[in-house]
Amino acid sequence: MSDISELRSTFKPRNPDYQQRVRDSFERQGVMRLIGAELSRIGPGEVDIRIAYTDQLSQQHGFFHGGILSTIADSACGYAAFSLMPADAAVLTIEFKTNFLAPADGELLIARGRIVKPGRTISVSHAQVLVTKNGQERLCATMTATNMTIYDKVKE
Amino acid sequence: MSDISELRSTFKPRNPDYQQRVRDSFERQGVMRLIGAELSRIGPGEVDIRIAYTDQLSQQHGFFHGGILSTIADSACGYAAFSLMPADAAVLTIEFKTNFLAPADGELLIARGRIVKPGRTISVSHAQVLVTKNGQERLCATMTATNMTIYDKVKE
Amino acid sequence: MSDISELRSTFKPRNPDYQQRVRDSFERQGVMRLIGAELSRIGPGEVDIRIAYTDQLSQQHGFFHGGILSTIADSACGYAAFSLMPADAAVLTIEFKTNFLAPADGELLIARGRIVKPGRTISVSHAQVLVTKNGQERLCATMTATNMTIYDKVKE
Amino acid sequence: MSDISELRSTFKPRNPDYQQRVRDSFERQGVMRLIGAELSRIGPGEVDIRIAYTDQLSQQHGFFHGGILSTIADSACGYAAFSLMPADAAVLTIEFKTNFLAPADGELLIARGRIVKPGRTISVSHAQVLVTKNGQERLCATMTATNMTIYDKVKE
């Protein structure tokens, strides 16, 4: 399939401050600091998160651990959905599935989350996770995630 | 459903040193040290991994991040499969899916990985992830994972 | 893992007529008649659906098609969730995932759907699909499904 | 995301007769005749399957049953993978996951299966399922599927 980063989003944000809201929520995710992840793109229904390799992120063969891929892809999908939610809403993950296509062997990992179907209660997003080694980018995982909009229970 | 920890495994390990092999491979997963995870059970087709809460593992509401749940559940499932593999085999994750059933709000998280179907090439495992708060244990996520046995490509 | 059919449900139905409601809804599923499926158990949070083999249900090797397994497992999970819903609610499937563990080679297929986590809006169920050949029952697939309770949009 | 049907495949078939092999295998799937499905496109790594609505394919609200969506999407993904396999290989489904985005309410259903990552043993495909009502086409489900190449066990 073509590179997901070229796909144009046609979704309109309902909250003009959606970028700041995504940044504020991301800052509260302690795990993102722990693993050294950063937001590298915030568009309407489109969020990228990237992370540089360190030995602290490895599985047993010295590649990025699948859980780390899933951690940034989960947040990229969740924030892609969150970017289209109203200003008073919070977001939770209902489920996600990750397919590992190639070893995540490289210096840089990027998860590109894109909304597939925004909804009042249920949103579905897709992510591609790419790893860069010696300047070559390679698709190493995909995720499909279901997120739920919460209107009153949890403070974002 | 009943507590998965009560289910008796009837699988026989093909490698008598399977516990040591799981421990050795786990030690090489840098991410497990980073997040403070530890192996708390290794049986034939049965591996538990647990982790204590710190703010460094949080999502935006102060609960364990879904990616952290998935990280320990992925390893618990992978090592449950690995424990039944021959001595010269390595294990890779093909895919996993996580369903989040309740907020992972608590002091201690434990992922109980159990083999469902071991196979020569493809194994399927299931994990329950439980969170303990004020002494009360609660099921907060389930995972189904598919692992592949690698016989020559990667050194475990 | 142990046989899922032995696991005792502790869930209480909120609608005393839940069995009749499940039967009525099942009768409206045209596809169940087409493929010859029948309800073989309705308990609180527990629904079994079974089907006898015919060549009309085959994939290319003469086994039950994976789509047929998923069709009855989807309904078994959905009705397991539906059995615990209030009398005015309807049920929709948000997503499901099927893992195929062994060829569905046999005369009889049974999907055992069991609720894992009932919720006001979101419920999660698990199914085991077993195939019987020459009197031997074998686990051939598992499913995890997420269902949504609909309170006003769709008439069940 | 953009329409998956516009994405160009760059994969080369290893078997020049791949279209005939897909057709021959499809003909052996009894369930495709039962539900009235037909192959509407066979390219390298790209297979479409469509089906017209009848009451025999319904769930309880009169829409296409989710199991029927999954049945044609499973075959579309499996044959997308199969189209790139060598001439002596057979294909099995390891797992698939379906997300339901909108009711499958309409006259015509089409599943567009596209290979994401072909592999010697493991291939991953993605499908979009679209429903047409009054001439309007709408995305109603997506699937990610993992297929396995079998070289000697099963005759295709």
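Letters are used for the chains, namely A, B, C and D, taken in the order the chains are written, and counting of residues starts over at 1 for each.
The rule is short, and it goes like this: contacts are C-beta pairs under 8 Å (C-beta built on N, C-alpha and C of every residue); 3 or more make two chains touch, one makes a residue touch a chain.
In this text the structure is predicted, and so the values were computed from the model without any measurement.
Across the assembly, the mean Cα position most removed from that of chain B is the one of D. Chain pairs A-D and C-D differ in how many C-beta pairs are in contact, and the one with more is C-D. Our note on geometry: chain C versus chain D, Cα centroid distance of 23 Å, whole angstroms. Between chain B and chain D, the centres computed from C-alpha atoms are 32 Å apart. Computed from the mean C-alpha positions, the centre of chain A lies at a distance of 27 Å from the centre of chain D. Shown for chain C are the residues in touch with two or more other chains, namely 94-95, 97, 99, 146. By the touch criterion stated above, chain D contacts chain A in their complex at residues 1-2, 4, 7-8, 97, 99, 101-102, 114, 116-117, 124, 126, 139, 142, 144, 146. On chain D, the positions that touch chain B within their shared complex are 94-95, 97, 121-122, 146, 148. The touching residues of chain D, when paired with chain C in their complex, are 25-26, 28-31, 33-35, 54-62, 65-68, 70-72, 74-75, 90, 92-100, 103, 154-156.
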